[in-house]
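Note that chain A is present in both complexes that follow, paired respectively with chain B and with chain C.
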Partner chain A sequence: MADPVVLETTRPAPRSIGRSALLTLPLLLWALLMFSHAVDLRENAGRAAALLTCAFMVALFFLMVRTRRTYRWRRVFFVALGVLFPIGFIAQLYALRGSMSIPVERMLSGDTPFCFLAIPMLIVPAALTRTVIFPGSILPTASNPHSVATMIAVWFAATLVLGKAWCAFGCFFGGIEEGFAALPRKAKLRDLPPRLRWVPWSVLAAVVLLSAATFEPTYCMWLCPFKAVTEFPEVRSAQTAIQFAIFGMLFGGLVVVMPLLTRLRTQCTLLCPFGAFQSLFNKLTVFDVRIDRSRCTDCVACRRACPTLVLDEAAVTAGGPGISCMKCGACVDSCTKQAAVWHVKGTPIAARPETARLLFLYPAWSFATLFGGSIIAGSLAQLLRPLLH
Partner chain B sequence: MLGNLAEPALLGFSSGLVCLAACGPVLLPWLAAAGEGGRGTARLLAQFLGGRLVGYLGFASLAWAIGLALPLPARTNAFAYGLVHIALAIALLVFAVPARRRPEPCARLSIFRRATTRSGFLAPVLLGFLTGLNLCPPFVAAGVRAAERHSLPGALAFFLLFFAGTLVWFLPYLGSALLRRLPAVPTVARWSAALVAVYYLLLGGLTLGGAWLHG
Partner chain C sequence: MPRLTSVLGYTGAALTALAALAGPFVLYGAFTQGIAAMGLRINPVYSGGPPAREITRPGYRIVVYRPVVPRAPFSFARSFVQLAWTPAGALPRRVEDAVDLDGDGRVDLVARFDVPSDAAAPLFLDVTPAGGRVLPLRHVSRGSFSALIARVGDRIVTRIPLAPR
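Let's look at the complex of A and B:
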């Protein structure tokens, strides 16, 4: 086995343009292949949206390769996804049924678009009774293209490779709060107690158990903040009014106000049960982030940069953020000593972190292009249609 | 004779999966928060099931006493359902708070002290009793059949056998003892119990409010 490469303690210079372009070439080919199918290319808006999104995704990958930084460029994509997803989704809802609210009759007839957040709640009832408790359709239909089977297939394939990196490269909600968290220059509220990171696990346990007991996806019915900007049950009773109020308060509190105060992804940190569930799959993937203790000077830059509460003092001492890390790259990019590094399990820590980063980025960005990119392209096409018709 | 014995036991066994799922939100966080080993978990489970049995037998007596009045009017059902959920929520909330963090007057009451000590039995029995009163469809079906018995002992025996039929489905909960190896589990379990309590409180309140307003 070759000796580990000795890393410099200062940040390496950017890659050359030619080498960066060469490393970006596979992604360019992948993006061209993807966007030739993602939207309707027969119309001007579709062609323009596909071209713009393809250029956007490839340019960001090129910048990640050239600057050797991940977080900043991933955030640009992620915020764009977070902003454009609700726009495209709401436009689609209005085109399909003329409203963001869904009447209970349409829910019962299986017209609710399926979202990955419901996946943890489906498992126990499906295992015990072979019943899918979500009021959607198993396969895509004309009135509901967002089917259960399609989303689960996409999620499963991505999760096997990326683990919790789904939350940094695939989640079409996370970008909304990441955008708000990026707005202030400094956090007004610091030092949230690290034990709060267990709250999503509690929410996960509660919603999984309640969903099995009540045969309804409890989180979607009562706690999902993103219902406020996507789709919600039509307000016809005290119950639906309370549900809508809860969605609104959670969205306002955890997706808008708290990220502005803390510069953290507070919904992911303090509520999202899917994130906790997804953490379990970090055990399956070969990629992780580690902290080389021999280089670490305990400057706490990585802890301050972490957008969740995953990196605390104990985690840094233990040499890594553990299973709840979503591999966004913030800690690695913030570390001036190259102590926080990308890592492939089974290899020596800090042996070839840049190679490990690229090995992770190719599947991660390919997935981001396929999944998030097609959502961005679809939403852009909706926005451009009136202009280019 | 054999048919008389087999019917409630089979009814319980065949619908036990519903009991497993219905008791999960209350039982699993409670067991996980207790952080007991295998024997301790078995003891807590037995106490919970004991409470549940008391709930069953109480319901059997009521069902037999009411007799032909079953099924109850929707409004009565809704009131009972709402009250049971609110009581369950309050019990869960009280037991979810660690004894040292409880407000002073509550902490001083011996009933609360007893409920949360490791040897205390009030919490699992009360939680078992309240989940035993859960008006799930198989439970109501058993109630209707029990109400048709000619005598109170017959109705009680019917529910006892129905309960025995469901027991096997509770064995997987013994596996919760394995969770004690994870240090964060008691905290996670207590918080999830509190969330479940809030859900039941909301559900109970809405049911009571609905019954009150609309009849």
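Let's look at the complex of A and C:
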């Protein structure tokens, strides 16, 4: 029997350009179909944004197929989404009302766009009173297309397809911290205790219980760092001033400074209750990442690459990262022994890892193109409008 | 058995791809309708609750909403009643209305506010209780969800805190 240490230590050769193009063709057709509806194609900015985003998404998929690597190219998309979402959103807010704060009038008329981060906090109050504790509207309206029902429907469909991979292919906030985490060459702060990855579960339990007790979306009101770069309640009292200060501090600390120091997605790792909630749905999907122990040399490259502390020594020994894995592909791409592999549940580990990867990537990238791609195209259109009007 | 689980696994993968393709055409719409069919409403603390009655005045109406009593065990919100004057464009420069909240023929409060011609100008509300159902308000603008006045479209919406019982 071969010594696992001397098994394949080289990376697989890239696919041929022709075969990669052929495998990309379904995604190209999908992207063309989606972007013909994603933005307003009657104006120059909309057409240019749709074309650019379509080319961007298809090119990244082509590169993922050709290089047989996932993480690097997914990160390019994800950071672009994280940068462009707040820019486009803020530009839209300023065009609409000249401010990032949500005026109380907008809350009273049910025009607050619904954010998926509020979903875990709605469940208990909805079950008890059949009401939704959010100042939005249940069904889409002309003034609020991002209604509760629409956003929950998109989230639920995405969750069936992606499970926790929502956090790596769908979340329009995660790219912000992933971008900051990608900036330094080396982490200044290393070896955070892996047990910290359970903190979001505690935050989830706390905000769900508090929301059930007060019928207020407590995380959105007090803890969401991304309020600092989207919209927040108008500062009109001491309470709203404190809330705004907390949003700013959490954003600065967990989304900017800590990722720069640790090269980790620290907000996802240490705070996000929605990420913990989403982990519960990882069981729904047939895709996961496994460690083939017969090839693993315990070199810890995968543990160092994991951006959310999900892979620790116990997880590697157990043969996989467990339910909190967001399937970003960092561990798989970092493993020179091809011990970390994409896997379809029910099949033998490492039987056809590349097939498993492609089977995962088609639905995941289709969703990313539709959801994140539409956001990127919309934001680009906002930015291009003054130039191409 | 391993062969069967493999077949099931790849079948699940194919179904996932189908679900991704069906998302924008079938699933989003179906799930939206499914959620709408659950009969959920926005919590009245945010929406103001359903309208209960209307009071007609010359040229405008006052919509009286059902009183909102927060049901949460540890709610920070106070009980309130929402009143909306509509259409805002037809209101006099100075509104002073005696309002009977429940239609029992007795005045429960007198509300007073100015209606500036500039729609963006701040509004201020004074409420004098009559009968002890509501709490008094002095020069209130938009301090809290249970005591406010705001122009929402073509309505001037007020929320008046209810007196504790």
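Please note the rule applied: the second predicted complex is superposed on the first by the 379 of 389 C-alpha atoms of A that agree within 3 Å, B and C clash if a C-alpha of one lies under 4 Å from a C-alpha of the other, contacts with A are read in each partner's own complex, and residues count from 1 in each chain.
The rule we apply is simple: a residue touches a chain if its C-beta (ideal position, glycine included) is under 8 Å from a C-beta of that chain, and two chains touch if they have at least 3 such contacts.
Keep in mind that what you see is a predicted model, and the values were worked out from it rather than measured.
> With the two complexes superposed on chain A, say which partner A:W201 touches: chain B (first), chain C (second), both, or neither.
It touches chain B, and chain C stays clear.
> Which partner chains sit in contact with A:A238 here, chain B, chain C, both or neither? Use first/second/both/neither.
first
> Could you say whether A:L280 touches chain B, chain C, both of them, or neither, answering first, second, both or neither?
Touch partners of A:L280: none, neither chain B nor chain C.
> In the superposed model, which partner reaches more residues of chain A, chain B or chain C?
Partner touching more chain A residues in the overlay: C.
> Touch test for A:A213: chain B only (first), chain C only (second), both, or neither?
Once the two structures are laid over each other on A, A:A213 reaches both partners.
> Determine, under the contact definition given at the top, whether A:V300 touches first (chain B), second (chain C), both, or neither.
Neither chain B nor chain C is touched by A:V300.
> Looking at the overlay, what does A:V83 touch: chain B (first), chain C (second), both, or neither?
In the superposition, A:V83 contacts neither chain B nor chain C.
> Identify the partner contact of A:T129: answer first if only chain B is touched, second if only chain C is, both if each is, neither if none is.
In the superposed model, A:T129 contacts both chain B and chain C.
> Just checking: does A:L41 make contact with chain B only, chain C only, both, or neither of them? Give me first, second, both or neither.
In the superposed model, A:L41 contacts neither chain B nor chain C.
> Under the contact rule defined above, give the chain A residues that sit at the interface with chain B and also at the interface with chain C.
Touching chain B and chain C on chain A: residues 125, 128-129, 212-213.
> Chain A touches which residues of chain C in the complex?
Touch list, chain C to chain A: 2, 5-10, 12-14, 16-17, 19-21, 23-24, 27-32, 34-36, 38-48, 70-77, 142-145, 148, 150-153, 157.
> Which residues of chain A touch chain B once you look at their complex with the stated criterion?
Listed in rising order, the residues are 124-125, 128-129, 195, 198-199, 201-203, 205-206, 209-210, 212-213, 218, 222, 238-239, 242.
> Quick check: in the complex, which residue numbers of chain A touch chain C?
Those in contact with chain C are residues 30, 34, 103-105, 107-110, 125-126, 128-140, 148-150, 152-154, 156-158, 160-161, 212-216, 234, 236-237, 285-287, 344-348, 351, 356, 359-360, 362-364, 366-367, 370.
> For the complex, give me every residue of chain B touching chain A.
Per the touch definition, chain B meets chain A at residues 17, 20-25, 28-29, 184, 187-189, 191-192, 194-196, 199, 202, 206, 209-210.
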